[in-house]
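Naming follows writing order (A, B, C and D), and every chain is counted from residue 1.
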Amino acid sequence: MSAASFNPVAGVLLIPIGSAALLAALPGYRLTARLNVVASFATFLAALSLFVLERPQPGPYVLVDDLNIVFIVLNTFVGFTTSIFSAGYIAHELETGRLTPLYLRFYHAMYQTMMFGMNLAFVSNNIGLMWVAVEIATLTTVLMVGIYRTHAALEAAWKYFILGSVGIAFALFGTILVYMAARPIVGEGQDGMVWTLLIRHAAAFDPELLNVAFIFLFLGYGTKVGLAPLHAWLPDAHAEGPTPISAVLSGLLLNVALYALLRFKILLVANPSAIAPGPLMVTMGLVSLIFAAFMLYRRRDIKRLFAYSSIEHMGIIVFAFGMGGPLANFAGLLHMVMHSLTKSAIFYAVGHISQIKGTQRINRIRGLTVTHPVLGWGFVAGVVAIAGLPPLGIFMSEFLVVSSTFARQPLLAIALVFGLLLAFGALTLRLTSVAFGQPRGSTASADASYVPLFAHLALVLCAGIYLPAPLVVWFQHVARLLG
Amino acid sequence: MVVISDIIVQGVQMLLVLLLAPLLTGFVRKIKARLVRRQGASMFQPYRDLLRLLRKEVVLADNASWLFRVTPYVTFAAIWVAAALVPTFATGLPFNWTADLIAIVALLGSARFFLALAGMDVGTSFGGIGSSREVMIAALAEPAMLLIVFCMALVAGSTQLSTVANFLASSYVGLRVSLGMALIALIMVALAENARIPVDNPATHLELTMVHEAMVLEYSGRHLAMIEFGTFLKLLLYISLIACVFLPWKIALFGTGPLAYAIGAGAYIVKLAVAGFLLALFETATAKMRVFRIPQFLGAALMLGLLGTLLLFVSRSF
Amino acid sequence: MAPVVLQMSCVAGLLGGAGLAIFLSRARSATAIVYSLTLAVSLLAFFGSIRSLLGGDISDLTLPIGLPWLGAHFRTDALASFFLVVVNLGGASASLYGLGYGQHEPAPHRVLPFLPAFLAGMNLVVLADDAFSYLLCWEFMSLASWALVMAHHREPGNAKAGYVYLVMASFGTLALLLAFGLLAGPAGDYGFAAIRSAQHTPYAATLVLILMLLGAGSKAGLVPLHVWLPLAHPAAPSHVSALMSGVMTKVAIYGFIRVIFDLLGQPTWWAGVVVLILGGITAVMGILYAMMETDLKRLLAYSTIENIGVIFASLGLALAFQANGLKLAAALAFTAALFHVLNHSLFKSLLFFGAGAVLTATGERDMEKLGGLIHRMPQTSFAVLVGCVAISALPPFNGFVSEWLMFQAVLQSPELPQWALKIAVPAVGALLALAAALAAACFVKAYGVTFLGRSRGTAAETAHEVDRYSLVAMFILAALCLLAGILPGLVIDALSPITTAILGGRMPIQANEPWLSIVPIAESRSSYNGLLVMVFITISASLAVFFIHRFASHALRRAPAWGCGFSDSTPAAQYSAGSFAQPIRRVFGTMLFHARDHVEMPAPGDTRPARLRIELHDLVWEGMYAPIAGAVGYSADWLNRLQFLTIRQYLSLVFATLVTLLLVLAIWS
Amino acid sequence: MQMHSLAFDVSHTLAGGLVLISFMMLYQDRLYSLLNVFAFHAVVLALSVAWQAFVQQAPHLYITAAIALVFKAIVIPVALHRIVKQLGIHRDIESAVGIGPTMLAGMALVALSMVLMLRVTAEADPLAREDLAFALSVVLLGLLVMVTRRNAVSQVVGFMSLENGLVLAATGAKGMPLVVEISVAFSILIAFIVIGIFLFRIRERFDSVDVSALDDYRGEHR
């Protein structure tokens, strides 16, 4: 790392990896959990300082530009809130003995490593390095998913690992192809992989190579985004891992992969004679959306339910970016941020719920608003938000996507609306059964802090009604960047 | 001065309908009796009946509510007002414009509404039968009536009865098929609304065939008198409606002198007589139909009305 | 203070009330506090909107929220002011009623926070002046009302009601979303001003009309999008049902008017045909449903559908006339529609309040278990009687005036050049007359079975009159029904700025007419004077009474009912709601509901009781919604197999995708 | 020039050899023989990488070659032999699709990759082009092995041959930064560690690494 003098980037990267080492060494729940929170918070501060301090010049490895800065901040923020949630959650897991202290150590270390991987993926200016970072993040999550070592968990992790590593392979092959395409123009060695140089000369690259490359990258990173039919790992990984990990998976890891996709989309768009990535993304987006919407109806496991809803939303986002144009891109970015916040909030709620009720089976959870008003209404608010109802943030992005699409491609918009309605129907069906009706299951009160949950919801609510001007300007700029 | 005379004329009309209504019914009954070779009661029997009923005490069912006792007056008043607004012997009466034909129909509707409620009030099954069938008939009669109104309005360019009468009386309106259809439809509706054969039998005493009678089964004494009176008025109203719209012969136009009024009145009485005779003839000639044939009957009226309207469009557009 | 600012501050007040309610919702005094707050605010907003309607001043306001580059625009013009009047009148009366009714609420903490929010939402929809804020507030309104529907979530069926409602609401919103997307164009200028000034292709106009019929229609309850309404409206607490039926449906109509009449510009004539016919069908179907119904609140909900149909039919007429440049006739039809909007909000709220009163007094919604309440709760039954007369379109009450105006508009149809319209208008007119007559029948049934006759159960026998807040609310509404009925001229004049603004034409000024009578076109054509009619009826009735009491005998004897000698059968032997509807069921239901009466008559000597079972089918549900649900379920099951593949099979999916994409690429160039 | 054509021919034959061996893998129906073939595959890979290092005067590629030789050609196959013995997995591979169709599919895949790659404009030097074409076909064939074989070991083998294709491509890409080879080896290493962990755990849980034994759960029980 080019981190001789302190700069925020170094902070964002070194704090997690350092604390990871530390956490691996330290015993004891209280200390490590607190340390985990503190480290995440420090990382978050470092990320925030990116706004105030002047950005480092794009070097061969590190790049901080408009596209990734908000990803980093969002990433570290959700990482921070999740660490708070995980503190309470893990405590309960220790009590119930699902986790042993040894695995707890492992868990915290892996948590920070994963954060490191994701941050690295965001700041890296080198597509090779980005690939490495994404893989680190993936492999750590694989280990976390398997951490309960139950039959189901192992199977989920195994599935995740196999499909994930095939994705790895595809992404790497794509990366190599991009280098091949770049080499004649940019020149051999280092430079052939530096993003800023690539994008500068992209117009001259060999389109054929770029095309093949994009297909491999799309499938490789798309596997991690969870696009159908590459999605198979996602629901089980969400359902079987510890809930904080589900939150991070949905809220962050998908974004990382998406971010990589966007980078390469820009690259391809910059080359006039290469295939337009739009149609491909639109198709996959729609397929994922509608497929996931149908899958929502038959879910019995509440975490798996929301995992599928993540697939659905990833579909919407990819669709939006595929449509392109200032409005759609704006909507896509907004939707991505909103989805991270909302979905992680929902997983916080679901985590508490499943701990209280001692089950993840939907039909064993009833009348939550009666037995646990705060948690129940929080959950309702979360689902309402994820279902795209106002005044919460996702409504705005869906409004923009649909309306802007319908004016351009009516049929696509109708397919989109169809998917949205399907998903809405499934989610509200579950919502009514879980939140209302005659209570069922344990009524023990949850000894957990709802701060992260409601903090996220408050942010989402605020964003749905009022977007601060600088954020908007940033979004619009990036939207233009995405073409 | 003019206003005064108008008021007088209006008042005369109100009294006139009041006086003539029982007579008309009595006349119809008489003719019917004679047609079946019976002596029959005198034409003035209805007056006697009313007086007798007024003298009798009221036997009120135990759980009859205030609504039950108010209804007779409300119905009577509504029908009377309606009758007073139909030009009988003279058009352009000062209060004609307070309600056009649609409003008059609606007034009769309110009367029926309260009567039907009263039928439900005591809580016997007969009242229920009566009311439910009555509202069914009304529900079918009203659209037909509206289409008839349509027809007239298209011809005369107004739903204001006196205007219609004026128009049809003064300007030459050729023989119109559509008007003929409207006339037939109106007659059918009138039969249904007045509970005459073949829709209903005013003289029946077999419960299951009763509609109107069943509804007022629980009434007695002065209340019954009011209701009977209302029924008489309604018959008169419909006949004068038919007369003034389709047969405005010698009807006194607005602003003409007393002589014209006198002639008009005379002509009016003649018309009533003729109509009453025809009604009696028809009723003796036909039999009452089953309750569930009534929809077809009124449906036919509806069709006629619609056909008339459409024909009018044709004749207008060419 | 500019009207819009006043309105917005009222909205802020309501939202504040909602927030307040969350905190003290479990306190005992919460009900009183919240409802008095909403009452005060709604009254303020009500008078404010009346002022701005009469003053006719347009004011707008832009807040730096909503879409960042657009901001949230709010605006009060004549149309908005009128609907604000309706909304806030409903809100005020509901709050007043709630002061009493809310005391009986089992779960106040599930009602109090959402009611003010719901009111605020409805106000905001009417105020919104750009597509985004409009949709946001629209969906917010739906959400709040959904929460209110779920207030009694433990009662069977309410969960389904809420679910169907929410899904239909979101369907409607998505339709509106598409419509606005089309109106705003790819550039996405969502401001209503921009949309109004833009040119819209016929293709776009067609799509927008269809989408608005789907969107606003589903909210208002156009057949066949009405299915949620009879489920959701009764499920909510009664004053909320009143708001949903009386006011929220009107907000939907506002949306339709705003887009189709205001934003879309000059309509095409066939749009008129479509809306007209839809309205007619909705009216008849709605009231027939109501006729078959035995649950009081569901009956009211269905009758709402009928009135919505009437309103849409008049709007269709207005469209047709407007398309042919017949401004006066258009203004007439449009005024009829708006007048009916006002009237329906009045008497439907009144009737729902009455149903609520019955519910609190007896705990019973099923008419077959009620009866004879006129003796137990005289005041309520009087107020409800007024409501029934008014909704049955009988003079001299307000319902009749709007129907009369509409028929006058129907009579203008000969002016129309298009044949389709020439034929459609009278036919629909007949349909509407049918609907009106059936409405009368339906409310004879409702009132007769619920309030008259003998009590069919202990619940009805032990009923007591309700608290005075509820009574005051009901009587105020009843008085308004009468006032609007006898002084229609004032209302029509108050509506004229709207027609002038939107259609560019207006009805003649009614204030100039003698004796306060109303004259749509010219006195020679038609005129009506509610006041005089009422005066005449009173005079002649009192004359009759006077003479009777002067000359006739006063003797009166109470005795058991005669009933042709079958005197005292049990109350169960009375005519019930089902049997009252039987003739009409025989006439219409056989075709429209596949209605069948199954009679089991045991053989003589057999002691089993004879049974009559009535079989009804909701063909819309069975023919449209059930198949859709089935299809979704089937495909969900079919796709769900993908959840259970082996890893190898998943890999082959990935592999297949890769190969396909590569093939596509190979073939592509 | 002469030199260049020679270089071209050699690397061409080696790469082609890799494709051929991939085909042999498709053909195998015994676990042990599959492992042996895979070892051979790795050896050839190592050779071609070494040759590339020589041609490109890129000494760092020798490291990659060494990694390939040591890990893939020796360590892994031996380890896998062990596992097979320990876990007593029955020796013959039941494959989802018959050998014949699989071979045909393989042919088609190779053809496809040729079509795609040879369309690449010639000014990217022919060496790279050929290499890429072969690498792509090796990758696809590796994937085909994974898809058509039912048990875990052979799937792992398929996966590794896929990785071999990647390495081939990477080395073929002239002057590709060291970062990448390391990362490649790194990822393979990680991959194996993790797979090892999993085989272990799986052994703790079930008696075989037959993936179908894992598949009985599959998310939600029906």
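Observations on the model:
Assume contacts are C-beta pairs under 8 Å (C-beta built on N, C-alpha and C of every residue); 3 or more make two chains touch, one makes a residue touch a chain.
Being a predicted model, the structure only gives us computed values, none of them experimental.
Annotation of chain C and chain D: jointly contacted by A, touch as defined at the top. With respect to chain A, maximal separation of chain centres occurs for B (centres as means of Cα atoms). Of the two interfaces, B-C and A-C, the higher number of touching C-beta pairs belongs to B-C.
For this pair, chain B with chain C, the centres built from the Cα atoms lie 35 Å apart.
Centroid to centroid, with C-alpha atoms defining each point, chain B and chain D lie 100 Å apart. One inter-chain figure worth recording: chain A and chain C are separated by 44 Å, centre to centre, where each centre is the mean of the chain's CA atoms.
Measuring from the averaged C-alpha position of chain A to that of chain B gives a distance of 78 Å. Residue positions 643, 645, 647, 651, 658, 662, 665, 669 of chain C each touch two or more of the other chains. Looking at chain B, one finds that none of its residues touch two or more other chains.
Taken residue by residue, chain A touches two or more other chains at 158-159, 162, 166, 208, 212, 235, whereas all remaining positions touch fewer. Chain pairs that touch one another are A-C, A-D, B-C, C-D. Put simply, chain C touches chain B in their complex at residues 371-372, 374-375, 378, 385, 389, 392-395, 400, 404, 407-408, 410-411, 414, 422-423, 426-427, 429-431, 433-434, 436-438, 440-441, 444-445, 447-449, 452-454, 515, 517, 523-529, 532-533, 536-538, 540-541, 544-545, 548, 551-553, 555-564, 566, 569, 571, 573-575, 579-584, 586-587. Partner chain C is touched in their complex by these residues of chain D: 96, 109, 112-113, 115-116, 119, 140, 143-144, 146-147, 149-150, 155, 211-212, 214-215, 218-220, 222. By the touch rule above, chain D contacts chain A in their complex via residues 116-117, 119-121, 123-124, 128, 132, 135-136, 139, 143, 146, 155, 159, 162-163, 165-166, 169-170, 173-177, 179-180, 183-184, 186-187, 190-191, 194-195, 198, 201-202, 205, 211, 214-215, 217-220. Remark: chain C residues 643-648, 651-652, 655, 658-659, 662-663, 665-666, 669 touch chain D in the complex.
Every residue of chain B that touches chain C in the complex is listed here, in rising order: 54-67, 73-74, 76-78, 80-81, 84, 95, 97-100, 102-103, 106-107, 109-110, 112-113, 116-117, 119-129, 131-133, 135-136, 138-147, 149-150, 153-154, 157-160, 163, 207, 217-218, 221-222, 225-226, 291-292, 295, 302, 305-306, 309-310, 313, 316.
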